[in-house]
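Everything below concerns the one structure shown next.
Which chain is which? They are A, B, C, D, E and F, in the order written, and residues in each are numbered from 1.
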Amino acid sequence: MFSVTVRDHMMVAHSLRGEVFGPAQQLHGATFVVDATFRSATLDADGVVVDIGRATEELRAVLGELTYRNLDDHPALQGVNTTTEVLAKVVADALATRSREGRLGAAAQQLAGITVTLHESHVAWASYEREL
Amino acid sequence: MFSVTVRDHMMVAHSLRGEVFGPAQQLHGATFVVDATFRSATLDADGVVVDIGRATEELRAVLGELTYRNLDDHPALQGVNTTTEVLAKVVADALATRSREGRLGAAAQQLAGITVTLHESHVAWASYEREL
Amino acid sequence: MFSVTVRDHMMVAHSLRGEVFGPAQQLHGATFVVDATFRSATLDADGVVVDIGRATEELRAVLGELTYRNLDDHPALQGVNTTTEVLAKVVADALATRSREGRLGAAAQQLAGITVTLHESHVAWASYEREL
Amino acid sequence: MFSVTVRDHMMVAHSLRGEVFGPAQQLHGATFVVDATFRSATLDADGVVVDIGRATEELRAVLGELTYRNLDDHPALQGVNTTTEVLAKVVADALATRSREGRLGAAAQQLAGITVTLHESHVAWASYEREL
Amino acid sequence: MFSVTVRDHMMVAHSLRGEVFGPAQQLHGATFVVDATFRSATLDADGVVVDIGRATEELRAVLGELTYRNLDDHPALQGVNTTTEVLAKVVADALATRSREGRLGAAAQQLAGITVTLHESHVAWASYEREL
Amino acid sequence: MFSVTVRDHMMVAHSLRGEVFGPAQQLHGATFVVDATFRSATLDADGVVVDIGRATEELRAVLGELTYRNLDDHPALQGVNTTTEVLAKVVADALATRSREGRLGAAAQQLAGITVTLHESHVAWASYEREL
């Protein structure tokens, strides 16, 4: 199995609902350093899982919908508790949609799955792994 | 599949038994930077795999039993060759026990598995992955 | 010259005033991974610049006043444009005050200066360096 | 499942064939920071997956065949498009051969698989995972 | 003293002249992860040393002249031994020129100096520090 | 001012004397990831501060005297409280001696100073900076 990973980041405000979150129930924020991994059993004729340039552009586009925002007010996230795990799934699902739409190029037709990891600090991160 | 990882560290002395270890058969030491990953197929009602605060506390408690010690004299490790692999399993098993005891909270009841990685330097690390 | 550095982090919401900031004028957020460096020409009788345990506690206390907050509403930051540079100075000045109050211990009496670096992402950070 | 990972690097020139690569079709270069992971369901009598010293030496030997070279002129890579994915497989397969030849020691007889990750920058990397 | 640092990278082929370089006399390559630090004793009216967005763009522009190239054939580097130290100076001097031309914005008029660090691997890097 | 840095590590046992150290008064251990920085106002005829290969070898030789040992029993460290700060000075002074002996090559004759940083974990490190 092959994989390619590209990294970018987003900077958001949000608050979390639930007593378990303690002070994180208040409006605060995070830089999420985001790693998007694309997996494939085979390489295309060019020898790649997916073009790194295109993968970088698509990840940037997905994060561009979220960054520099207060996620509590984001129309697409109404009623969503934007934990790191949930946001990892939001990003992975958006990349999956873009892949199916062909925006990742022909190579991406062979993708087996996508994993997205959001680093919320140097001591905590969360991932969501899905098939395609 | 979702996962959450928290990082902490421990600083221990120990020696390793076996010719393969060369100079590491002498009493020496290590900082182990420890990553504990909790995996789950689903999120709980709060949208988490496990509360990051609680996971951090439990990892700290497990490492607190080992850090600032000479592992050669540790009662719980008599007869154990404390390689990085073995210590990764010791930490993972202790976290699994605590999870079953409910110390990681209700969310942890749905955990599928735990992986623990011990970084012994910037150029070497070992992991142990287990189911729950 | 000797120095000791300890690392911690804070997670805040804020907005920035000024056209130069573009989309960062909107309410957003950041994880700041914070490195606090204490400098001294000499070591104390124990052989340290400052006790790492105490330095870690004081940095945590300073960041505890800021983390999990919307800095736009923070009483101590009214009228302050909370750029990464400005926040680095806020943290460094707070550590300097605590050092003068003796909270960093006797060793800290010999401190020559403090530098605080705030990493706002994997690709951008800012520092403030001051004497004591 | 246990694993051990060792890290080293190589510094190579190369060019890539295919329009998808844009400016990377020109002769350029890369530092690949290489992580080689060895996986095993069990530990040997010494408590290791593989001796870290030996794993480090074998990885160095494999990278020694590639580093400080123009891969476009490398006899073993004629007709190969040396993408990061392809090079990850080249390194993993070479380590697998060495493992089968016994160069990784007796412990390595129990290896289940090898994963090799090549970091081409702080924002992009590729992996190849194989069984043994 | 305040400072702001932004990170980017370039991927180049080159060879080094001089017996001291051993195998690096052959055509090979490197990814240079580049940190550009801008220093200033004071902040501007917006509270910044330099706009991070603009600093990022200018660093990208400077590296854009070098990346995906064989530096041995680069018109601007004829007769230059492109060691990591020398390239750090090339990048720092180019940023200094752009700063004087006003491309870093008005804030940059107060800059005291620039430091550029080129990481050639996880175990080696070089810097050049200059005044403005 | 130019500088070159190389990184290596050592793994040692030790105990610290003084109540301030709390549990670190017990025999424990550390991996110190060591960065040795060589500074020079000018480059030599080859365009370097110091040959990175030679700097790496000399750092390895210095650390080779300390690693895989219990520093409490080290003949050269009797009566020394081996804090991270003190060990940074031990390594820097040893590199300075080797530089004066010519082991770093002719280029090193122009060295202005050396800084050594010892990372004891992902959240704490200490440095010693000296002139030559």
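Definition applied: a residue touches a chain if its C-beta (ideal position, glycine included) is under 8 Å from a C-beta of that chain, and two chains touch if they have at least 3 such contacts.
No experiment lies behind these values; they were computed from the predicted model shown.
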| item | value |
| --- | --- |
| Neighbouring chains shared between chain C and chain D, ordered by label | A, E |
| Selected pair, out of C-E, D-E or B-D, that shares over half of its residue contact pairs with A-C | D-E |
| Inter-chain centre distance, chain B versus chain F - centres from mean C-alpha coordinates, in Å | 30 |
| Chain D-chain F separation of Cα centroids, rounded to whole Å | 30 |
| Distance between the centres, which are taken as Cα means, of chain E and chain B, whole angstrom | 40 |
| Sites on chain D at which at least two other chains make contact | 7, 122-123 |
| Residues on chain B engaged by chain A in the complex (per definition of touch) | 1-8, 43, 45-49, 51-54, 56, 105, 107 |
| List of chain E residues in touch with chain D within their complex | 7, 9, 11-14, 23-24, 26-33, 67-70, 120-123 |
| Chain D to chain A touching residues, read off their complex | 16-18, 20-22, 80-86, 88-89, 122-129 |
